[in-house]
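First subunit A sits with subunit B, and in the next complex the same chain sits with subunit C.
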Partner chain A sequence: MLVYLIRRLNLLVITLFLLSIVAFFLQRQVDTSFINSSHVFADYQRYLIAILSGDLGISTISGEPVLDEILRIFPATLELCLISVFIALLVGIPLGIFAGLSHGGRSDYGIMTVTLLGISVPTFWLAMLLIMFFSLHLEWFPVSGRLSLLYQIPHVTGFQLVDILISTQPYKSEALFDAIRHLTLPALVLATVPATEVIRQVRYSIGEEMNKNYIKAAQAKGLSTFQIIRRHGLRNALPPVIPNLGLQFGSILTTAMITETVFSWPGIGPWMISSIAAGDHSSIQGGLLFIATFVLLVSVMTDLLHLILDPLKRKELYGKHEHL
Partner chain B sequence: MASTNIFSEEKIRSPLAHSWYIYQQNALAMVALWVLGLMTLLALFAPWIAPYNLGYQDVTNLLQPPSWYEAGQIDFFFGTDDLGRDILSQMILGAQLTFGGGVLTALLALLFGALIGVIGGMSHGIKASVLHHILDTFLSIPSLLIAIIIVSVMGPGYIHCLLAIFLALLPQFIRAVYRAVNDELQKEHIVALKLDGATHYRIFRYGILPNIPETLISQTTRAVTAAILDISALGFLGLGAQRPYSEWGTMLSDTMELVFLAPWTVTLPGLAILFTILTINVVGEGMRQAVLRGMD
Partner chain C sequence: MKSITRLFSVLLTLPFLMSCKQTNAVKDTGVVYCSRGNPSSFNPQLAQTESNLDISAQLYSTLVRIDPNTQMVIPGLAKSWRVSRDGLRYRFKLRQGIQFHATQYFTPSRSLNADDVLFSFNRILDPLHPYFLVSGGDYPFFNNTQFPSLIKAIRKLGPYEVEFELNHPDTSLLANLATEFAVVLSAQYGKQLIRTASPEQIDQLPIGTGPFKLNDFKPDHMIRFERHWGYWEGGAPMQQLVFDITAGPTQRLAKLITGECDAMAFPAASQVNMIANHEDLLLNAQTGSNVAVWAFNTQKAPFNRPEVRRALAAAVDRSTILRAVYYNTGVLANSILPPTSWAYNPNVDDYQYAPIKAKKLLQQADINLPLRLTIHVTSTGTAFNPNGFKTAEFIQADLRKIGVEAEIIVVERHQLASILAQGNYQTVITGWNAVTSDPDNFFRAQLSCQAIKNATNASQWCDPTTDGLIQRGIKQSRMVPRIRIYRELQKHVQQEMPLLPIAHSLKFQSYRKDIQGLTTTDTGGINFSGVYRN
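Moving on, here comes the complex of A and B:
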């Protein structure tokens, strides 16, 4: 366990090190202060010390420190991601169970066809279609943005919903309703891919689990299907699903960047794209370092969490023959 | 009835022929394969098939609706966009960039990735270990994000975007092939081959190669669809192909402001992407099933 932990962290450090080298050369292209210095290694050392102390440089467009900008913007993206993961679980788990139980049946076939559509549709196009239908045609939801300009909510945590709930404005409930209306379409679009992933995994693991002997024993005891799923099936089928979702976080984040661009959601996506378009190398290197570090940390953390929570995975680790 | 078969031996097909036989039984997959073949032809001969040239603009027919609308004209079958460019021609020419480019990139990644994966999988010691663990961590960054990073370093452009996607897909192939080869190497039939004194090449050719097509197929399917979606996503974000090239994602990014005025400029290129990805997924799944059952 400890060996595994150390190795995992070691690899994380190596990968981050490689990333910092890429970011360094990106920064070096433009930063004139480096030209005075004599040696690449000396430059890199200075750069490494700077980023370790939280200095990602200063944006050449806005003149603000890059890290401050990222920290101000990133909660919006994170909020969107977390809510869509929640939606994906809410929709995916019941559908997955349903498909897994009727394995090979008509509803299984129907659900799997829908998931095939779900993984085949380009996110940005789905977003545009939803805008076209729900915002322009039916006028149910706003086209873009995060909150109507009528409401002034002080920026505390950066998470809009939390900020509204802790604010003391008289129009709190109206603002909350408005925020949810803005959130609905982007969150639904973003939830598509993780939801299909959840459906597939739950379907597979329920299908596996329901053929096992302890389920037959439970059936023989006279438990109803619902009781069996609630007490036995889910408890064994769900643990592999959650960490997989954690490992998917990277792709959810990238999809979020695209979705944000379509909906003009003020998150890291539009910020990165405009930085790239403007050739703001400080922001690009800061952004890529931040996003990649975040994704890597989440993936390592879910891995460790899975290891701590799931004894079966630990057993696998102990029993594995290592060919290092 | 008398049997005309004098010899009681059954004719056994080779596994490949048997898999093909199983594949043919799947009607949906066969249709998808035909569609894929037609799309390949379309991508190859796009400039000769498209009714109008790449840069052609008909300024008298701006925002012409598709031919099935009341106001539509048969001259512009799928209508025109805000600059009077024929949408059908753009989509046919775009097939070359989006579909053709995606398939080409994924196949190149397959070639190089499989090569490195096999070498890595069959070697031992520090080389294999470094390959394995570095890739493990690297893979937790999704391909599109890697592509965005690479494009942001090199600058936007279609060739840069293809190169970025190639580099982003490569580790996935290496890892998948590495895993498959490594798993296969630990089985008993390889030990038997080794005891017979087989060379590395023989072990690979007769011990490993016949047992990894399932991995290769599912990985290639995933890579082709990912490449097409990534090319169009980068095009959409303005990091991939630039105008006048009519890459499907680039076409879509132009039409953002036309959503209300001319919905067909949004729906048609998107449908092309969706249809392409669906077809590839169906073919890939059919092939995987056929190979799996063909091996039993």
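Moving on, here comes the complex of A and C:
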């Protein structure tokens, strides 16, 4: 376990190191003022020390340190992503089970068709469609932003829902409801792709699991299908889904940036786009580095989570280790 | 597992439960306006005449105002004024007890008095004023209306009385003082900022006497205003006013439909139909103080001959332009003055569309057909013409019918100014967006000899009769004779036809049905002081 952890962290450090080299040379390309000495190594050393101490440069648009800006903006993106993953699990797991149980049946076909649609529909188009129908036609949800501008919620954690809950404003519940209304459409759009992924995964692993002998034994004991799934099926079928979600996080983040732009969600997406439009190199570099680091960290953490939750995986590790 | 399921279901129903009980206290006491862009500063004195001044009426008050219904000058910060017999002295008596905003950055210790008026206007006029050069020292509106050369001195006659002394009589002074540009700042705040050595703050963190005070500004995102309790006309009904800065008209309309905004700035001409048909939205249209024209360069042959100009004007079918370019969001112009102006002459003949007569007139004038001419036009839409290029194309097609071959030359807006200054063109499609409601602003800027130098006289028109009437109009302080002068002027201009007025573009305001008491000015200002929710 410890060896695995070290190996994983080692890989993380090496990847980050490579990333920093790429980012460094990119920055050297665009920013000539960046080159101070003739030695590339000396430059790189200074660069590395700077980014390790959290100095990603100063944004040319706002004049603020880039890291401060990212830390202020990123929670908005993270909040959206987390809620979408939550929705994806909430919808994906039951549908996946359902499809997996009726493998080859009508409802399986139905669910898989919808899933296929979900993967193939372009995000921004789906977002526009939902805006057209739910916002402009039915007028249920707002088209943009995180919260009505009339509410003044102090920025503490950057997570809107948390900030509202810990605020002392008398209109807390009103603001919370408004925030949830703002969150609904972008979160649904963003949840589409991970939800389809979860459905496919769960369907596959439930299908696998249900054919195993211990399930048959349970059936023979007279347990109902629901009981079998709850006690045996899910416990064994769900853990493999976790590392996959971690791997998916990068693509979720990318989709989030598109979704944010469509819904004017004040997250990292519109921020990066305006940085690119304004030619703010330090912001682009800083954003790039930050997002890449974050995605790497998440993938390592989901790996570890998988390790903790799935005894089989642990066994596998030791097994391999013994062979070495 | 069970407990998790339970938690989920509780979480999911929570917002809906809350929605049943909650009251919309915040929504009821606040209003959101979808504005178009960041203000260039929070001091309207510095504003470009073209920029939108939607912050001005919220933050500041002016000495006098224009009644939106009668277009007459009515009291503002000044409760009354007197004009001397020779028209050279304007004495204003100020209201007493008018409170400035108290904010985190400034706490006033006295109410408004004559010092504040002097401070505000001397900043524009006096190059030695400590604030003259702060923020660049450029006051476009006041320069355009020749304010510095008009004012000889501003004097304090008492704590609540000031006198403006003029170099020559000019009855448009009051209309200029009534614009959103001529705001009154706090002299005390000015002094405080000099002490703290941050004078430029006066234009960024505003202190005024308007119905709202600034609370927060996030560029490209929003401006938050808070009610000013001490507002001299009584506190505004709304506690909060937020400008949601939204650059795209489509986005603004979407936010208006979903109720994220209660009112929106500048609906596009193509959106007007949809807004009018939407059951939750109201559309308010008024004739703007503007005119779109097709101007002839009267210094160049054959456009120096009135019969040629009249013939070309008669060939243009303006109603088609109104339909196809303006989507009927404008009215046909019979004069360069909009029909809402008090000086408008209703007896001037309508411009006739008569292509056959036009061709005959050209032949009578011994013009060899086909006549070739050029039409200059800007590539971008303007406040007075949604699409100049399309307008030019329609005129081109109309002219072809009478044997005139027109070539359209598209230029950038800044290029057009230099082309007009050099006078090197034949005809041009342009217009005028008036900054004050005074008729003088239309005629002086477009048809006086002086305006050729300022590159606003697109016809290069310099005619003693026209200039004489313009001068007489500004010197006459009595209303009835003044109206007579402008009526004569309009008749004269129509006869000479240095330009063909095309249309007056309508100004739209669009807001949700539950919003009441929103007022707008025909120079583009918007005022939220009386807004409440029904």
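One rule holds for everything that comes next: the second predicted complex is superposed on the first by the 305 of 324 C-alpha atoms of A that agree within 3 Å, B and C clash if a C-alpha of one lies under 4 Å from a C-alpha of the other, contacts with A are read in each partner's own complex, and residues count from 1 in each chain.
By our rule, contacts are C-beta pairs under 8 Å (C-beta built on N, C-alpha and C of every residue); 3 or more make two chains touch, one makes a residue touch a chain.
Given the structure is predicted, the values throughout are model-derived calculations rather than measurements.
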Which of subunit B and subunit C A:53 touches, first, second, both or neither: neither
Contacts of A:131 with subunit B and subunit C, given as first, second, both or neither: both
Which of subunit B and subunit C A:213 touches, first, second, both or neither: neither
Which partner, subunit B or subunit C, touches more subunit A residues: B
Touched partner set for A:264, first subunit B, second subunit C, both or neither: second
Touched partner set for A:168, first subunit B, second subunit C, both or neither: neither
Partner chain(s) touched by A:150 [first = subunit B, second = subunit C, both, neither]: second
Partner chain in contact with A:176 - subunit B first, subunit C second, else both or neither: second
Overlap of subunit C and subunit B interfaces on subunit A (superposed complexes): 131, 136
Touching residues on subunit B, where the partner in the complex is subunit A: 124, 128-129, 133-134, 136-138, 140-142, 144-145, 148-149, 151-153, 156, 225, 229, 232-233, 236-239, 249, 252, 256, 259-260, 263, 266-267, 269-270, 273-274, 277-278, 281-282
Subunit B partner contacts - residues on subunit A that touch it in the complex: 7, 11-12, 14-15, 22, 26, 116-117, 119-125, 128-129, 131-132, 136, 247, 250-251, 253-255, 257-258, 261-262, 272-273, 275-277, 284, 288, 291-292, 295-296, 299-300, 323-324
Of all residues in subunit A, those that touch subunit C in their complex: 90, 131, 135-136, 139, 141-145, 148-152, 170-171, 173-177, 180, 230, 234, 264, 266
Subunit C - residues contacting subunit A, complex: 1, 8, 15, 18-19, 21-27, 30, 32, 221-222, 224, 240, 242, 244, 251, 254-255, 257-260, 280
